[in-house]
Amino acid sequence: MQIVIENLPFLLRGAYYTLLITVVSMFFGLIIGLLTAIARIRGNRVLRSIARGYVSIIRGTPPLVQIVIVYYGLVDYGIEFGPLTAAYIALSINIGAYVSEAFRGAIESVPKGQVEAALATGMTERQAMRRIIVPQAVRYAIPPLGNTFVGMLKETSLVSVIAVTELMRSAELLISQYYVYMPFYLAIAAMYWMMSTMFTFALHRVEKRLSVY
Amino acid sequence: MQIVIENLPFLLRGAYYTLLITVVSMFFGLIIGLLTAIARIRGNRVLRSIARGYVSIIRGTPPLVQIVIVYYGLVDYGIEFGPLTAAYIALSINIGAYVSEAFRGAIESVPKGQVEAALATGMTERQAMRRIIVPQAVRYAIPPLGNTFVGMLKETSLVSVIAVTELMRSAELLISQYYVYMPFYLAIAAMYWMMSTMFTFALHRVEKRLSVY
Amino acid sequence: MSMIEMKQVYKKFGDNEVLKDISLSIPAHQVVAVIGPSGSGKSTFLRCINGLETITEGSISVNGHEIHANTSPKALKKEIHAIRQETGMVFQQFNLYPHKTVAENVMEALLVVKKMSNEPAYQIASSLLAKVGLAEKENAYPSQLSGGQQQRVAIARALAMEPKLMLFDEPTSALDPELVGEVLKVMKSLAEDGMTMVIVTHEMKFAEEVADRILFMADGFIVEDAEPQAFFKNPQTERAQKFLQKVSEF
Amino acid sequence: MSMIEMKQVYKKFGDNEVLKDISLSIPAHQVVAVIGPSGSGKSTFLRCINGLETITEGSISVNGHEIHANTSPKALKKEIHAIRQETGMVFQQFNLYPHKTVAENVMEALLVVKKMSNEPAYQIASSLLAKVGLAEKENAYPSQLSGGQQQRVAIARALAMEPKLMLFDEPTSALDPELVGEVLKVMKSLAEDGMTMVIVTHEMKFAEEVADRILFMADGFIVEDAEPQAFFKNPQTERAQKFLQKVSEF
Amino acid sequence: GGNDNANQTEEQPSNALEQIQEEGTMTVGIMGTYAPYNFMDKNKEYVGFDVDIAKELAERLDVEAEFVAQDFSGLIPGLQKDKFDILVSQVTITEDRQKQIDFTEPYITNEVKVIVTESNNDIQSVEDFKGRTIGAVMGTNDEAFLRNVLMPEVGKFKLNTYDDVITTLKDLDAGRIDATINNVYALKPIVEENGYKVKAVGEPVKSDQAAVAVKKGNTELVEALNAALNEMKQDGTYEEIFVKWFDEAPPTE
């Protein structure tokens, strides 16, 4: 316990990176995911195949490999990022695939009559999508997005492979210093749990507010 | 390429463990998750709180820590498992939390009229649950369960911490032996992707078959 | 002996009082039609009878099984279970089990509640399906049937438990107009066979022709309780007059 | 000039031929009621008119905008867009936007399609809501309204674009019987104002009273096309006779 | 990374050594979790035998050492993709690795011995491994050695692999494995800290030579590093560092 308290600032710094990477990747992942979902539902054949391939490959392969490829693999093509940037890019692309599935499900659960009503008043498909479908889908999408976000919180630990000291890695550094692991593991478990609980709670409130209607 | 082919048997052995652990943990996770979901929906106050706490803690903390606690932490209390057994236990408990959310969503999407119809014919709540609700919920639950399963396929890599050489670890062993990483990473990415694609495909067929009605 | 006996029944949802001071007695073999505006408490009235809703005050007895507002949860469970064994219910939305065939829908309660074995349960299902005119649909799934056919299966399913009382909650209002007749015909024949029935309906002509008694509900009260002839020709309250006029407007 | 002109229209879903050889002409200001059994193709007929379904053969022209079965996708899109600008549609399930208030529902197309600014769009919405008797519900959400109120909002929403033609697909069949009247009243007043209307309905009395012309559909064909008086008193085909009998059975 | 703008500079330095010296910093890749070689101290600074060696090397090249710690799996690609200039993280010299990277002369020889619990007298050497359960830290040479060399030699035994030495020893202490082999230097602080009742027995199983790893083809850098290492050994600095971390004098060669 004592050692945990002594090293709290160090752990908190790790938690900060974990949160930072999660939030930034989630932000871009949301954009990528929404576009992908729309491409899959409304896109032409080519777009649909690309979107499907993207989702299948990203969800089917380990994020660690994706991170390594973005950070190290792209160097051969003259594309080089700093570790944090690489983490954002790799994880945004990763999250995007999951987000797109969440949005796709959500968009498909908006009753078909809603598009038809919009089309019947003269809106184009694109206008109906933007004004009528997506705003409703966002609400349906919140629970699965919450899952994705909470999952990502823990998945960020993979970026330690590219020299970002997030929460998990902080604990490992301390463990190898003190040769005891349980207090540190319990401490970071508690921190992860607090972060996800806080987040879940916040999301719950957003969901409540969105369901005034 | 050459090196990958040379070491294919070794990688396949890793893939075998990945698949084995995933399937076994998924099996027990399904049982745990179903019971938890029922506890959350139909249980009394105490059961509901326990179930909610379980889901919150397990989903909120890193699986790595869970694995470590099951394997190392319990030894202090005289409870000892082999590495594979510990992996099964930790991951089943982990999966169970996700599965329970999938089932809960699925059970809640079975129209309320279905229970009422069953109750009105004289069934008890339990009978209605078992005969009417759960069989229908299973179908709704398939897509989110597919996600959980595919995610677990990659999450198994964490069990390398307790001396199980699954696919990711096999690659890392080879990488540290040969000091080349790309061919191995690409090879295991392909293997993970094949496993999840095969699985997704199989699930799709099950879903189709279940929707005869 | 009366089949249903209600004494000063009140039902609240939170602060919302939905049933107010309902007292009545329905003798066996009577066919009662419950009509009234939307939200007046008709469904709730029906659902209190077989315990799908628990009452807040008063008492209900069904064929001798009595529920009070303050019955202990355990005893309540037992009484409700007993009531449901003798009561069949048919819902507006049919609520057939989509994952089971038509025959399985009818057999289900026999297998699970009565613990019958397959063969005799099937015999019962088969003859009931013939009775509602669906002998040849035994192996179809509900999704393959028209609404009218689905509702007839729902009736057969309720009849399988040999109920002494049948409750209907707007059994035809989710149906295409052309299909309404086939369901009403089945209900009429049940009435002729002497089944005790409580029917919430908007089919005024059917109520007038088939029911022995009309309950008109508004705002949670039973506002009128009369014979069909009397009610439709000569409604006593302004509320009922207004309702009947609106319904027949076009 | 006729508002709608259909020539040998066919519509298939896969192998299922749902509309067969439909040819007709509907002049401006005519009120047409479409009736017929379930699955006969009434909704499909209506949806082909404003391009929610594309026809398989033949041609449709609405107020001069013409669609052929073989119109190129690009031209089709343009024509359908033009048709929809001049056509309002009201659905059985209302399909109001649940995340927008009543006023916003009515304003939406004005803002998005006509690119109006907020103020004038609100003026239009406001006066239309007054017209359908819902002036005081402007800021409510659809979920806070009764079915009849929701359907009147849907009508106001369709009217906002100042359509020359209104299509109604069973606008009252999801409503409580007591609420049907208020919607029919609004429709009647539209008819009296000279709006061209095509109404799929099961309200025979309404059809008889308000429509100038009855189309009876069965099996994808228009089996009868007559004046209401003639049709209801004296249906020519056996199919129509059977239908009318069933619908009036109780 | 150390060479971030390597590709962009107009007059490219002709080799890695010049480039490092031009920049004035040398980026050193370490695991950061391997005491007493390289790990983080209470001040959150990287310390250890490897770290001191690297600092000393940097000083002799007239540059600053900048340490980047990351998971072992990231070290190799990092070196190859110029994210690091050198690795000083107990990288042992093997034939396979020599095909991919260049090594300096070894700067330490680690003896690997059989480790058992204090009460265990059944296992005296690797010859006794047959049929037992043996632990090793995965990804290390020890594991490869056990699997590829020893197993065929002494007969089949069960191999459990671990993420780090701590957990390996914990399992040994708990009796889940019968023995492990390990670098004796690495073992010492862990055993002392946790009070594990274990001991090293018999002759060294093997000895591994660790060297500074450099990207393939950087001959000038390797030579400069070799020169610096030699100097350190000559003037006593090396011995000083060795004694500081291992409490004993380096073995004479």
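By written order: A, B, C, D and E. Residues from 1 in each chain.
By our rule, contacts are C-beta pairs under 8 Å (C-beta built on N, C-alpha and C of every residue); 3 or more make two chains touch, one makes a residue touch a chain.
In UniProt terms, the chains line up like this: A, B = Amino acid ABC transporter permease.
Just so it is clear, the structure is predicted and the values come from calculations on it, not from any experiment.
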Query - Separation of chain E from chain A in steps, with touching chains one step apart - result: 1
Requested in this report: State which chains count as neighbours of chain B and simultaneously of chain C.
Outcome: none
Query raised in the report: By CA centroid distance, what chain is farthest from chain C?
Result: E
Query raised in the report: If you list every residue number at the chain A and chain B contact, are more than half found on both copies (same) or fewer than half (different)?
Result: same
Report task. List the centre-to-centre spacing of chain A and chain C in whole Å, with centres computed as mean CA coordinates. Result -> 50
Report task. Please work out the Cα centroid separation of chain B and chain E, and write it as a whole number of Å. Result -> 37
Requested in this report: Could you grab the centroid distance between chain A and chain B? Build each centroid from C-alpha atoms only and quote it in angstrom.
Outcome: 20
Report summary line: Rounded to the nearest Å, the gap separating the Cα centres of chain C and chain E is 81
Requested in this report: Any chance you could list the residues of chain C touching two or more other chains?
Outcome: none
Query raised in the report: Multi-chain contacts in chain E: which residues touch at least two other chains?
Result: 73, 77, 167
Report summary line: Residues in chain B with touches to at least two other chains are numbered 72, 181-182
Report summary line: Per the touch criterion, the pairs are A-B, A-D, A-E, B-C, B-E, C-D
Requested in this report: Going by the contact rule at the top, pick out the chain E residues touching chain A in the complex.
Outcome: 1, 4, 7, 32-35, 39-42, 44, 68-71, 73-74, 77-78, 80-83, 164, 166-167, 189-190, 193-194
Report summary line: Per the touch rule, the chain A residues reaching chain D in their complex are 111, 113-114, 116-124, 127, 131-132, 135-136, 139, 212-213
Query raised in the report: For chain B, which residues are in contact with chain E within the complex?
Result: 72, 75, 80, 82-83, 160-163, 165, 169, 172-173, 175-182
Query - Interface residues, chain B side, partner chain A - complex - result: 56-57, 59-65, 68-69, 72-73, 98, 101, 105, 143-144, 147, 150-151, 154, 157, 168, 181-182, 185-186, 188-190, 192-197, 200
Query raised in the report: In their complex, what parts of chain C are in touch with chain D?
Result: 37-38, 146, 176-181, 184, 202-203, 205-206, 209, 243, 246-247, 249-250
